[in-house]
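Two complexes come next, and they have one chain in common, subunit A, joined by subunit B in the first and subunit C in the second.
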Partner chain A sequence: MSAPTLTPADAPAAAPSAGSNLLRKLAATPEAGVVLACLVAFIGFSIAAPTYYSTDNLQVMGRDLAEFGILAIGESFVILTGGIDLSVGGLAGFAGILAGWFNVNEGLPGPVAIVLTLAVCAAIGLWHGTMVNKLNVPPFVITLVTFTICKGLALSVTSGTPITGMSNIFGDLSLYYVGPVPVPALIFLVVAVATWFALERTYVGRQIYAVGGNAEAARLAGIPVKRRVTSTYVVSSTLAGLVGILIIGRLGVADPSVAASGYELTAIAAAVVGGVSLFGGEGRIVGIAAGAILLELITNGLNAVNVSEYYQTVAQGVVLGVAILADRIRAQYFGGSRR
Partner chain B sequence: MSGSIAGQEFPSAPATTGAEGGSLERRSVLRALGLGGGAALAATALAACSSSRTSSSTGSIGDFPKTSAWKFAFINHVTTNSFFAPTQSGMKDAASLLGLPAPTWTGSENGVVSEMVSAFETAISANVAGIAIPLTDSNAFIAPTKAALAAGIPVIAYNANASGNYALAYVGQDLYQSGYQMGLKIATEVTSGDILVGISQPGSLNVQPRLDGLKAALAAKAPGVTVHTVDTGAAQADELSAMESAYQGLKAAKGIYAVDAGSTASIAEMISKYGIKGQVHAGGYDLLADSITGVSSGALDFTIDQSAYLQGFLPVLYMFMYRMTGTLVFPPATDTGLTFVTSENVSPYASSKSWIEGGANKAVVPMPSSIGLPAPSTVQS
Partner chain C sequence: MTVEPTLEKSAPSLGRAVVARLRGVHKTYGPVRVLDLPELDLYAGQVVGVVGENGAGKSTLMGTLAGSVRRDGGEIEIDGQELVAGSTAESARLGVSLVSQEFPLVGQLSVAENLLLGRRPADSRRRVVVDRGAQRRAAEAMLAAIGLDPATIPVRRAVRELPVPARQLIEIAKGWGREPKLLILDEPTSSLGPVEARLVLDLARRAADQGGAVLFIGHRLDEVREIADRVIVLRNGRLVADLTPEEATEDRLIREMVGNEVAHSEPKNAPASAPTLLEITDLTADGLGPVDLTVREGEILGIAGLMGSGRSRLIHTIAGAQPSTGGSMTLAGKTYAPKNAEQGVAAGIAMIPEDRKQQSLVLFAPIRDNVTVSVLRRISSRGVLGPRRLRAEAVKITDNVKVRMQSVDQPIGSLSGGNQQRAIFGRAFAAEPRLLLLDEPTRGVDVGSKAQIYELIDRAAESGMAVVAASSELEELLWICHRIAVMHRGRVAAVIERADATKENIMTAAATGVAQSRTELNGNPT
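Our next item is the complex of A and B:
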């Protein structure tokens, strides 16, 4: 069983030269557009604002990227099966509050608070999967319910006041560097590599693609469809929990405002820009990572070149639209098309 | 020159003569600061600059030495909220006055602290000349503030302050005190029963201290009043529905109040919509158009002006002076005021539509023929 995107694109009938053949091959790669867009955005913003490519700013981008990049990867797991997880932003916010609460209010050591928080998040993912599989609740609905509850719980647990005085381990996770690289960026890298391996190099991963491509065919082929679907929600929720923990470490407090951040839409946008089909079954981790990187490059770049806050969202939409359009044109001419 | 200061930013005004037309000497700057008056400093700088606009050289304004084109950054917690439109005008006007590029306006649309921290860090990495930020969280901005100061970037808090932070100064309303004063005013109108109080972001340091002050005043002066807080959310669009829901659930409320701009405006709108003007006491904060209309129509008993314009204007001046003098002119903490706008004094707010208060009119607002007495001074000499 192989996922559609893992199937090599048809080779061109005739290659005039090795160089053009390589170019054509690159252009036929589904992620080529978004990677190219990343390069163009980085070079463009670097020319416009010299501080854009400074080490300090790259470190800021690295920490930002870790937050919604990891969310995007988790979200992609669900989308690959044809579902959607709207809870990730609210859940990330709630997870931060939960970790802070375990640590400060319950007096649990930092590592225990982290493990417990991730366990609760995984259980929420299990709940999502169960609802989708057993009761046929649309993923949109059940995850929206969770989002709303999490947002409310983040406020009610804290009465709106951030939790302070947390263990140093949270700050260590978010604020330290390995060489010049922020630890969260490394965590993002580890998550990306691990999920790439799981999705694209394991039997289970290929089954997830198969479920998203055609659930009925997958079921007939003997794939445990429900279990695979549930596992993707567990991954998504757990990674959302991880992001929540990274955020409170960066802030030094567990702040309930994070639950209302709207990160879920950023995560979905990163996944789609990175080539994940909303119909399921298509998309690769390299594309998802590139999609998240592109969003971060644009967001940070618009600030760097001082685009008015009132126009930033418009500008982001336009840039993303152009990126997606260019990618569709590329796909039409060079293959590697997506649904 | 009777034309506009800085080319476009200020309205044309009748030519003034005498001391206001003089140039700024450093001595006068220091004297102004010695008096502890941010407003005095602003006025002195304005006076100096108004006489110097014939100079077209960039980076040399008035009698100030030439400086680089310092670019400041304003981080904000609700970047698209209309309350801060005057703040943005203020920062741009001040920058234009000083021959500086317009400061950056960035942060979070919905009060998300993590987004503000990210914007803060981005500003530091961009090596901006100064950062102004509402300290809406007591802890989250400590590390970035320290990092900015360590990098030689002055940081000023505006609109919201937090104890334990290291911002050089705070420019804004004394939030707890303003809430306390509001509570005292409510206590003269409602002595028992239930009241609703809307708050856009519970816990956020730009509004929570007001609520705390309000409750403290009521506990002291009208203990029979029960306060029901309503979490209205940071997005203005949601605030009306939140207040409506709360009112539907407590129609016996004797007063409906709010401690933030959007919620106050939504109360004014709601009272008009339900036709309960005069049946319920109401009031709140800031000068959004609906709030001013509400005070004019009698839907609101009052709204409190905290001078959003100065919260943008003064930090730019302060950071400029701080940089230009190599930290000698330390920015003073500045209370931007507490003015109850009621039916008695709402007229100029309602009629001028001035850009100073978020309107579009950039004309000079005429002075009244006489000035009403402000609250008596409590300064001990």
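Our next item is the complex of A and C:
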């Protein structure tokens, strides 16, 4: 670096002018590629299998999308601060069992059971944040602990048998439609818009980006770094609880095996595909939502064209690999100095 | 213990209001007392220049004031209010503002967001939701306040897309925008061109004229003398001189900074007949070159140059740690084209990088494991490493360079900086290299230990090793080197023989890229 002198001439050269640079600007935006991939996948599968874009199938996709889309958004909060939350899948499964247990075994009304479950999940998030901040436990480890315990608890509380006979509210949440749109898809939309607003337009949200981008700068600027980090774990755990409730509504029973079905990895994959940097400080809700949508489009599409479930997993891995590769290449070409 | 240096105090206070009052402030890291200030007052309307060598305690002093370093004891009052130790928020609340050299900026966020990090724009009444318009206006006003045209630094751009000088200016605007009572500037001009440097010096003056106190940490003595109303000199964590600008001549400052503890013998001249070990022809790399240089066996070649002139890059490129993009090197007559640092080591090169903690050591690991890294293959019989052999080797290596320690089993991080650095030299020597590359060999080492490091460098050269030493401290290069290559914008501007080398001709070549008449022009015919 031969310490360049700053002159006004530097500015126009660097600031993209409209028109010719629009393409470049799009290519430099991580979210653009994912949105494009969504369109390509949707059109491609629609041509290959006309049932793909039937209302029925779109509704199925909407409902599935809601589940790991919401998980991905919560997960992204934690990743934005440079952490990782491995507990979301296990916690979602455990939250479902907890809600069913409150409702059926304790005889609490459905709404009360839901609120209690969410509160427990929030408390678990608070615990994660506290351990990460106070004792400096690596997020990977502390959330792995929770994951393991949740998985075990879900099975042991129920002795492995699903809880049946829950209030109607659970089924209503997951299986009703507003017009042609399934309620979970609407919940996903609400969560996405709310978190987008929180991250982009509120001080707390911007400070979360600052903490993830440069914790030292944030600390020196007087931002309560630890509180911000903790808040992301609370968001992640609470949203995991919400997803757990949606899952039992869809299944009609509180099934303990949900806790072990690997939702957390899909959530992380959706975040990464959507342009969230695992180093923290980078990624937007638009991208995360698009990443979740892309994974759903592909999973469902492979079903529609009768690819075996085993190969679907391979396909998911390939998508993740391509997304990461594309992101690195983009970062190298377009000066995004990501680490 | 060394004798307490007598404090020369003659700078005028003239009954001005005291902005910052420090009493008995001290800080210790491990065994080293890095700061020990019985008494220091900073007055309103004064720009106080702070000078001192690396490790003299300048950054610790700043840190204790700004709250990023928690002082071990003593009292600090800002405008009559007691400053709680170790809280940046408290320091900021009392009106202390630090413009750091390390730019604590968030690269992903926009300029406007960085300028208002942790704050709300004053004219925004929204408490939760960001008022982007107000944020942008406030940011532009902050840039305008330090005399910048908002067109030069677009406030919507992400900070990481901007060049280094722009980031430094943003950092300054950030500190300025807090309307500080005590403004601390940490080498604010080191990454700036002359125009921007001027702007910063004017700002320091303005802050003082508006009734604030300014602490100006400078790396260029002429700059400090020009701007300061009073110059204080730190050495080994103590305040050793408190001078008026008239008293603070360059000679005087250097004498106070260095003390008279360094007595260094003249190195013997390298035998002119010694064969050339390393020959560099048209070497280029990212931000470097083309460079032509030769180093003889037993010779100590210094690399001088301003920050960003390519000193470290040259060292790294020779070591193979940075890929070269053109040109060639021969080492002891054979073509040497390292693809990575591993090949450099295999060819007989040892590098001691500038950042000991990040690039050299595993701080929490025992000394024995740290110093034997370079010889593991040699001391493992049939690929198996015995603990007794390892320990014996570690003792040999550390004895060879006289590391002061209790045992080789203690963590290397528990040693003082000078001892750590000696241990690293021991490790490098143990590999028996032909070429020793040094990058800032005495950074973060106290003055007493420096002399011992210089002795080690001499010893290496006497044993026939070629040494290439890059340093930002001119005095150091003048003491230890046989020849000094001066870099300017990635090229070698001049190669100066020891007999001809003065601070002036080195600085001239470093600043202008043009060698003075008596020096040999090398590799830069334009």
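Simple rule for what comes next: the second predicted complex is superposed on the first by the 295 of 339 C-alpha atoms of A that agree within 3 Å, B and C clash if a C-alpha of one lies under 4 Å from a C-alpha of the other, contacts with A are read in each partner's own complex, and residues count from 1 in each chain.
One rule holds in what follows: a contact is a pair of C-beta atoms (placed from the backbone, for glycine too) under 8 Å apart; a residue touches a chain by one contact, two chains touch by 3 or more.
It should be emphasised that the depicted structure is a prediction, and the values quoted were computed from it without experimental measurement.
*Asks:* Touching A:258 in the superposition: subunit B (first), subunit C (second), both, neither?
*Replies:* It touches subunit B, and subunit C stays clear.
*Asks:* Now for A:76: first (subunit B), second (subunit C), both, or neither, which partner does it touch?
*Replies:* neither
*Asks:* Quick check on the superposed pair: does A:232 touch subunit B, subunit C, both, or neither? Answer first, second, both or neither.
*Replies:* After superposing on A, A:232 lies clear of both subunit B and subunit C.
*Asks:* On the A-aligned overlay, A:167 touches which partner chain: subunit B = first, subunit C = second, or both, or neither?
*Replies:* Once the two structures are laid over each other on A, A:167 reaches no partner at all.
*Asks:* In the overlay, answer first, second, both or neither for which of subunit B and subunit C A:117 touches.
*Replies:* neither
*Asks:* Spell out the part of subunit A that touches subunit C in their complex, as residue ranges.
*Replies:* Answer in residue numbers: 1-8, 10-11, 14-15, 201-204, 206-207, 209-210, 212-214, 216-223, 281-282, 335-337.
*Asks:* Using the touch definition up top, name the residues of subunit C that touch subunit A in the complex.
*Replies:* Its residues touching subunit A are 66, 68, 88-89, 92, 98, 100, 104-109, 113-114, 117-120, 128-130, 132, 149, 151-154, 157, 160-166, 169, 191-196, 287, 306-310, 489-490.
*Asks:* In their shared complex, at which residues does subunit A touch subunit B?
*Replies:* 49, 51-52, 54, 56-57, 59-60, 63-64, 67, 155, 158-162, 164, 175, 247, 250-253, 255-258, 260-262, 300, 303-304, 306, 308-310
*Asks:* What part of subunit B is in contact with subunit A in the complex they form?
*Replies:* Listed in rising order, the residues are 76, 79-80, 102, 104-107, 109-115, 117-119, 121-122, 124-127, 137-140, 142-143, 201-204, 208, 231, 233-234.
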